[in-house]
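The structure's right below; bear with me while I get my questions together.
Labels A, B and C are assigned to the chains in the order they are written; within every chain, residues are numbered from 1.
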Amino acid sequence: MKDLNLTPIKKLEIILDGEHRAFATDLLDRAGVKGYTIINNLSGKGSHGFHSGHLMFNEDDVLIMIVVAVPEELVEPILEGFGPFFNSHSGVVFVSDIQVTRMVKFRH
Amino acid sequence: MKDLNLTPIKKLEIILDGEHRAFATDLLDRAGVKGYTIINNLSGKGSHGFHSGHLMFNEDDVLIMIVVAVPEELVEPILEGFGPFFNSHSGVVFVSDIQVTRMVKFRH
Amino acid sequence: MKDLNLTPIKKLEIILDGEHRAFATDLLDRAGVKGYTIINNLSGKGSHGFHSGHLMFNEDDVLIMIVVAVPEELVEPILEGFGPFFNSHSGVVFVSDIQVTRMVKFRH
(Lines give C-alpha, C1' and ligand atoms only; values in the text may rest on other atoms or scores of the structure.)
Protein backbone atom coordinates (compact mmCIF):
# COMPACT_ATOMS: atom_id res chain seq x y z
CA MET A 1 0.00 0.00 0.00
CA LYS A 2 2.91 2.27 -0.81
CA ASP A 3 0.77 4.75 -2.70
CA LEU A 4 -1.39 5.33 0.32
CA ASN A 5 1.50 6.73 2.33
CA LEU A 6 0.35 5.17 5.57
CA THR A 7 2.52 6.57 8.32
CA PRO A 8 2.94 4.90 11.73
CA ILE A 9 2.09 7.31 14.50
CA LYS A 10 0.86 7.28 18.08
CA LYS A 11 -2.68 8.00 19.10
CA LEU A 12 -3.32 9.51 22.51
CA GLU A 13 -6.79 9.43 23.99
CA ILE A 14 -6.83 11.76 26.96
CA ILE A 15 -9.88 11.42 29.19
CA LEU A 16 -10.44 14.12 31.78
CA ASP A 17 -13.04 16.39 33.26
CA GLY A 18 -14.33 18.83 30.65
CA GLU A 19 -13.60 21.79 32.90
CA HIS A 20 -9.90 21.21 32.25
CA ARG A 21 -10.19 21.32 28.48
CA ALA A 22 -8.29 24.59 28.03
CA PHE A 23 -5.46 23.39 30.26
CA ALA A 24 -5.13 20.22 28.22
CA THR A 25 -5.29 21.80 24.78
CA ASP A 26 -2.82 24.52 25.84
CA LEU A 27 -0.44 21.82 26.99
CA LEU A 28 -0.83 20.01 23.66
CA ASP A 29 -0.29 23.24 21.72
CA ARG A 30 2.91 23.97 23.65
CA ALA A 31 4.11 20.40 23.04
CA GLY A 32 3.84 21.01 19.31
CA VAL A 33 0.66 19.08 18.57
CA LYS A 34 -0.83 20.36 15.32
CA GLY A 35 -4.42 19.44 15.99
CA TYR A 36 -6.83 17.41 18.03
CA THR A 37 -10.37 16.16 18.05
CA ILE A 38 -12.56 16.22 21.14
CA ILE A 39 -15.41 13.89 21.97
CA ASN A 40 -17.67 15.79 24.35
CA ASN A 41 -20.19 14.78 26.98
CA LEU A 42 -18.84 11.40 27.90
CA SER A 43 -20.06 9.75 31.03
CA GLY A 44 -17.96 7.50 33.15
CA LYS A 45 -17.39 5.89 36.46
CA GLY A 46 -14.43 4.77 38.45
CA SER A 47 -10.93 4.65 37.09
CA HIS A 48 -9.42 3.01 34.06
CA GLY A 49 -6.85 0.30 34.16
CA PHE A 50 -5.21 -1.11 37.22
CA HIS A 51 -5.40 1.84 39.50
CA SER A 52 -8.07 3.37 41.53
CA GLY A 53 -6.89 5.60 44.34
CA HIS A 54 -7.82 9.18 43.64
CA LEU A 55 -8.38 8.65 39.91
CA MET A 56 -12.12 8.58 40.24
CA PHE A 57 -14.93 9.83 38.13
CA ASN A 58 -18.45 10.17 39.38
CA GLU A 59 -21.49 9.53 37.25
CA ASP A 60 -22.16 13.28 37.35
CA ASP A 61 -18.87 14.39 35.86
CA VAL A 62 -18.90 15.62 32.30
CA LEU A 63 -15.86 14.06 30.75
CA ILE A 64 -14.19 14.70 27.45
CA MET A 65 -11.84 12.58 25.39
CA ILE A 66 -9.18 14.49 23.48
CA VAL A 67 -7.89 12.45 20.56
CA VAL A 68 -4.51 13.38 19.12
CA ALA A 69 -2.21 11.66 16.65
CA VAL A 70 1.42 12.52 17.32
CA PRO A 71 4.86 11.38 16.23
CA GLU A 72 6.39 8.99 18.76
CA GLU A 73 8.88 11.55 20.05
CA LEU A 74 6.06 13.72 21.37
CA VAL A 75 4.52 11.00 23.54
CA GLU A 76 6.96 11.30 26.40
CA PRO A 77 6.94 15.11 26.72
CA ILE A 78 3.15 15.16 26.56
CA LEU A 79 2.76 12.47 29.21
CA GLU A 80 5.33 14.19 31.39
CA GLY A 81 3.46 17.43 30.93
CA PHE A 82 0.25 15.84 32.15
CA GLY A 83 1.96 14.13 35.08
CA PRO A 84 1.53 16.83 37.72
CA PHE A 85 -2.06 17.40 36.61
CA PHE A 86 -2.97 13.74 37.02
CA ASN A 87 -1.38 13.72 40.45
CA SER A 88 -4.30 15.78 41.65
CA HIS A 89 -7.06 15.29 39.09
CA SER A 90 -8.97 12.38 37.64
CA GLY A 91 -8.18 11.09 34.22
CA VAL A 92 -6.25 8.68 32.11
CA VAL A 93 -4.28 8.62 28.88
CA PHE A 94 -4.53 5.71 26.44
CA VAL A 95 -1.58 5.31 24.06
CA SER A 96 -1.90 3.17 20.93
CA ASP A 97 -0.21 2.52 17.61
CA ILE A 98 -2.08 3.65 14.56
CA GLN A 99 -1.37 4.62 11.00
CA VAL A 100 -2.55 7.77 9.32
CA THR A 101 -2.89 8.56 5.69
CA ARG A 102 -0.61 11.36 4.69
CA MET A 103 -3.37 12.71 2.51
CA VAL A 104 -1.06 13.50 -0.35
CA LYS A 105 -2.44 13.87 -3.84
CA PHE A 106 -3.95 10.63 -5.03
CA ARG A 107 -4.54 11.84 -8.56
CA HIS A 108 -1.86 10.73 -10.99
CA MET B 1 10.15 5.79 28.75
CA LYS B 2 10.61 3.92 31.99
CA ASP B 3 9.63 6.89 34.13
CA LEU B 4 6.29 7.10 32.42
CA ASN B 5 5.25 3.66 33.64
CA LEU B 6 3.41 2.81 30.47
CA THR B 7 1.56 -0.42 31.09
CA PRO B 8 0.31 -2.69 28.28
CA ILE B 9 -3.37 -3.35 28.66
CA LYS B 10 -6.39 -4.24 26.54
CA LYS B 11 -9.00 -1.76 25.44
CA LEU B 12 -12.52 -2.97 24.87
CA GLU B 13 -14.95 -0.85 22.92
CA ILE B 14 -18.41 -2.28 23.42
CA ILE B 15 -21.04 -0.93 21.05
CA LEU B 16 -24.65 -1.72 21.84
CA ASP B 17 -28.08 -0.20 22.10
CA GLY B 18 -28.19 2.39 24.87
CA GLU B 19 -31.17 0.73 26.49
CA HIS B 20 -28.87 -2.08 27.60
CA ARG B 21 -26.40 0.20 29.34
CA ALA B 22 -27.18 -1.02 32.87
CA PHE B 23 -26.87 -4.66 31.83
CA ALA B 24 -23.47 -3.99 30.31
CA THR B 25 -22.04 -1.93 33.15
CA ASP B 26 -23.32 -4.44 35.71
CA LEU B 27 -21.58 -7.21 33.80
CA LEU B 28 -18.36 -5.17 33.75
CA ASP B 29 -18.64 -4.43 37.47
CA ARG B 30 -19.08 -8.10 38.27
CA ALA B 31 -16.10 -8.98 36.06
CA GLY B 32 -13.93 -6.71 38.20
CA VAL B 33 -13.61 -3.74 35.88
CA LYS B 34 -12.69 -0.68 37.91
CA GLY B 35 -14.12 1.96 35.60
CA TYR B 36 -15.37 2.80 32.19
CA THR B 37 -16.16 5.71 29.94
CA ILE B 38 -19.26 5.89 27.79
CA ILE B 39 -19.69 7.73 24.51
CA ASN B 40 -23.38 8.45 24.18
CA ASN B 41 -25.71 9.09 21.26
CA LEU B 42 -23.83 7.29 18.54
CA SER B 43 -25.59 6.56 15.33
CA GLY B 44 -24.90 3.55 13.20
CA LYS B 45 -26.09 1.20 10.58
CA GLY B 46 -25.63 -2.43 9.73
CA SER B 47 -23.16 -4.66 11.44
CA HIS B 48 -19.45 -4.39 12.07
CA GLY B 49 -16.86 -6.71 10.71
CA PHE B 50 -17.51 -9.80 8.69
CA HIS B 51 -20.87 -10.76 10.01
CA SER B 52 -24.33 -9.60 9.38
CA GLY B 53 -27.10 -12.00 10.35
CA HIS B 54 -29.04 -10.55 13.26
CA LEU B 55 -26.35 -8.08 14.30
CA MET B 56 -28.12 -5.15 12.80
CA PHE B 57 -28.53 -1.57 13.83
CA ASN B 58 -31.07 0.75 12.30
CA GLU B 59 -30.44 4.42 11.73
CA ASP B 60 -32.93 5.16 14.51
CA ASP B 61 -31.17 3.21 17.24
CA VAL B 62 -29.38 5.20 19.90
CA LEU B 63 -26.14 3.40 20.41
CA ILE B 64 -23.50 3.80 23.05
CA MET B 65 -19.85 2.83 23.08
CA ILE B 66 -18.52 1.71 26.45
CA VAL B 67 -14.74 2.07 26.60
CA VAL B 68 -12.85 0.04 29.20
CA ALA B 69 -9.19 -0.66 29.75
CA VAL B 70 -8.63 -4.03 31.37
CA PRO B 71 -5.77 -6.40 32.13
CA GLU B 72 -5.56 -9.16 29.54
CA GLU B 73 -6.90 -11.83 31.88
CA LEU B 74 -10.25 -10.04 32.05
CA VAL B 75 -10.84 -10.06 28.29
CA GLU B 76 -12.01 -13.64 28.07
CA PRO B 77 -14.45 -13.60 31.01
CA ILE B 78 -15.94 -10.32 29.82
CA LEU B 79 -16.42 -11.56 26.25
CA GLU B 80 -17.88 -14.80 27.52
CA GLY B 81 -20.21 -12.82 29.74
CA PHE B 82 -21.48 -10.85 26.76
CA GLY B 83 -21.84 -13.98 24.60
CA PRO B 84 -25.44 -14.89 25.43
CA PHE B 85 -26.47 -11.23 25.17
CA PHE B 86 -25.04 -10.88 21.69
CA ASN B 87 -26.78 -14.06 20.61
CA SER B 88 -30.03 -12.15 20.73
CA HIS B 89 -29.09 -8.46 20.58
CA SER B 90 -27.18 -6.21 18.20
CA GLY B 91 -23.70 -5.08 19.03
CA VAL B 92 -20.02 -5.69 18.72
CA VAL B 93 -16.90 -5.62 20.85
CA PHE B 94 -13.60 -4.25 19.52
CA VAL B 95 -10.48 -5.48 21.32
CA SER B 96 -7.18 -3.65 20.92
CA ASP B 97 -3.77 -3.31 22.52
CA ILE B 98 -3.04 -0.03 24.22
CA GLN B 99 -0.81 1.32 26.91
CA VAL B 100 -1.95 3.38 29.84
CA THR B 101 0.03 5.65 32.06
CA ARG B 102 0.06 4.34 35.59
CA MET B 103 -0.35 7.91 36.78
CA VAL B 104 2.16 7.52 39.56
CA LYS B 105 3.83 10.57 40.99
CA PHE B 106 5.98 12.24 38.37
CA ARG B 107 7.62 14.61 40.81
CA HIS B 108 10.97 13.41 42.07
CA MET C 1 -9.13 -17.82 23.56
CA LYS C 2 -10.17 -20.04 20.67
CA ASP C 3 -13.77 -20.26 21.80
CA LEU C 4 -14.14 -16.52 21.61
CA ASN C 5 -13.47 -16.48 17.88
CA LEU C 6 -11.51 -13.27 18.03
CA THR C 7 -10.83 -12.18 14.46
CA PRO C 8 -8.07 -9.74 13.50
CA ILE C 9 -9.48 -6.87 11.52
CA LYS C 10 -8.72 -3.25 10.72
CA LYS C 11 -10.45 -0.33 12.37
CA LEU C 12 -10.81 2.88 10.42
CA GLU C 13 -11.67 6.09 12.22
CA ILE C 14 -12.63 8.66 9.62
CA ILE C 15 -12.84 12.21 10.92
CA LEU C 16 -14.44 14.80 8.66
CA ASP C 17 -16.94 17.61 8.60
CA GLY C 18 -20.43 16.35 9.38
CA GLU C 19 -21.85 17.91 6.25
CA HIS C 20 -20.04 15.22 4.24
CA ARG C 21 -21.56 12.32 6.14
CA ALA C 22 -23.66 11.01 3.25
CA PHE C 23 -20.72 11.13 0.87
CA ALA C 24 -18.62 9.11 3.29
CA THR C 25 -21.21 6.48 4.15
CA ASP C 26 -22.10 6.07 0.46
CA LEU C 27 -18.43 5.48 -0.31
CA LEU C 28 -18.24 2.91 2.49
CA ASP C 29 -21.39 1.18 1.27
CA ARG C 30 -20.02 0.95 -2.25
CA ALA C 31 -16.72 -0.43 -0.92
CA GLY C 32 -18.62 -3.28 0.69
CA VAL C 33 -18.58 -2.16 4.30
CA LYS C 34 -21.41 -3.87 6.16
CA GLY C 35 -21.89 -1.31 8.88
CA TYR C 36 -20.48 1.65 10.73
CA THR C 37 -20.88 3.65 13.89
CA ILE C 38 -20.77 7.44 13.95
CA ILE C 39 -19.70 9.64 16.84
CA ASN C 40 -21.42 12.97 16.31
CA ASN C 41 -20.71 16.52 17.38
CA LEU C 42 -16.98 16.31 17.84
CA SER C 43 -15.03 19.49 18.13
CA GLY C 44 -11.53 19.88 16.87
CA LYS C 45 -8.81 22.19 15.80
CA GLY C 46 -5.93 22.09 13.38
CA SER C 47 -4.81 18.96 11.62
CA HIS C 48 -3.85 15.53 12.84
CA GLY C 49 -0.46 14.02 12.49
CA PHE C 50 2.47 15.51 10.69
CA HIS C 51 0.67 17.56 8.15
CA SER C 52 -1.02 20.86 8.21
CA GLY C 53 -1.47 22.58 4.87
CA HIS C 54 -5.12 22.62 3.95
CA LEU C 55 -6.14 19.93 6.44
CA MET C 56 -7.56 22.39 8.89
CA PHE C 57 -10.52 22.36 11.17
CA ASN C 58 -11.83 25.44 12.87
CA GLU C 59 -13.29 25.40 16.35
CA ASP C 60 -16.70 26.03 14.78
CA ASP C 61 -16.77 22.98 12.56
CA VAL C 62 -19.04 20.16 13.57
CA LEU C 63 -17.02 17.06 12.99
CA ILE C 64 -18.00 13.43 13.00
CA MET C 65 -15.94 10.30 13.45
CA ILE C 66 -17.12 7.32 11.42
CA VAL C 67 -15.87 4.08 12.96
CA VAL C 68 -15.74 1.00 10.75
CA ALA C 69 -14.20 -2.42 11.19
CA VAL C 70 -13.17 -3.93 7.88
CA PRO C 71 -11.16 -6.86 6.58
CA GLU C 72 -7.64 -5.80 5.61
CA GLU C 73 -8.29 -6.05 1.88
CA LEU C 74 -10.85 -3.25 2.08
CA VAL C 75 -8.45 -0.72 3.63
CA GLU C 76 -6.71 0.19 0.40
CA PRO C 77 -9.82 0.67 -1.76
CA ILE C 78 -11.49 2.74 0.95
CA LEU C 79 -8.47 4.99 1.44
CA GLU C 80 -8.10 5.36 -2.31
CA GLY C 81 -11.77 6.24 -2.51
CA PHE C 82 -11.33 9.01 0.04
CA GLY C 83 -8.19 10.32 -1.63
CA PRO C 84 -9.75 12.85 -4.00
CA PHE C 85 -12.08 14.06 -1.25
CA PHE C 86 -9.22 14.72 1.16
CA ASN C 87 -7.37 16.61 -1.55
CA SER C 88 -9.91 19.38 -1.17
CA HIS C 89 -11.52 18.86 2.24
CA SER C 90 -10.35 18.63 5.82
CA GLY C 91 -10.14 15.31 7.55
CA VAL C 92 -8.04 12.37 8.48
CA VAL C 93 -8.27 8.59 8.63
CA PHE C 94 -6.76 6.61 11.50
CA VAL C 95 -6.02 2.94 10.73
CA SER C 96 -5.42 0.47 13.57
CA ASP C 97 -5.33 -3.25 14.26
CA ILE C 98 -8.10 -4.61 16.40
CA GLN C 99 -9.87 -7.86 17.02
CA VAL C 100 -13.59 -8.39 16.95
CA THR C 101 -15.65 -11.14 18.44
CA ARG C 102 -17.38 -13.12 15.77
CA MET C 103 -20.43 -13.23 17.96
CA VAL C 104 -21.16 -16.85 17.20
CA LYS C 105 -23.13 -18.93 19.61
CA PHE C 106 -21.33 -19.20 22.93
CA ARG C 107 -23.68 -21.83 24.30
CA HIS C 108 -22.41 -25.35 23.88
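In this text, a residue touches a chain if its C-beta (ideal position, glycine included) is under 8 Å from a C-beta of that chain, and two chains touch if they have at least 3 such contacts.
Remember, predicted model here, so these are calculated numbers, not experimental data.
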item: Overall pattern in which the protein chains touch one another (line/ring/star/complete/other); value: complete
item: Interface sides of chain B and chain C: same vs different residues, half threshold; value: different
item: Between chain B and chain C, centroid-to-centroid distance (C-alpha), Å; value: 18
item: Junction residues of chain C - those touching two or more other chains; value: 39, 41, 96-97
item: In the complex, chain B residues that touch chain C; value: 15, 39, 41-52, 55-57, 63, 65, 75-76, 79-80, 82-84, 86-87, 91-97
item: Chain C partner contacts - residues on chain A that touch it in the complex; value: 1, 3-4, 6-7, 9, 11, 25, 33-40, 68-71, 96-103, 105-107
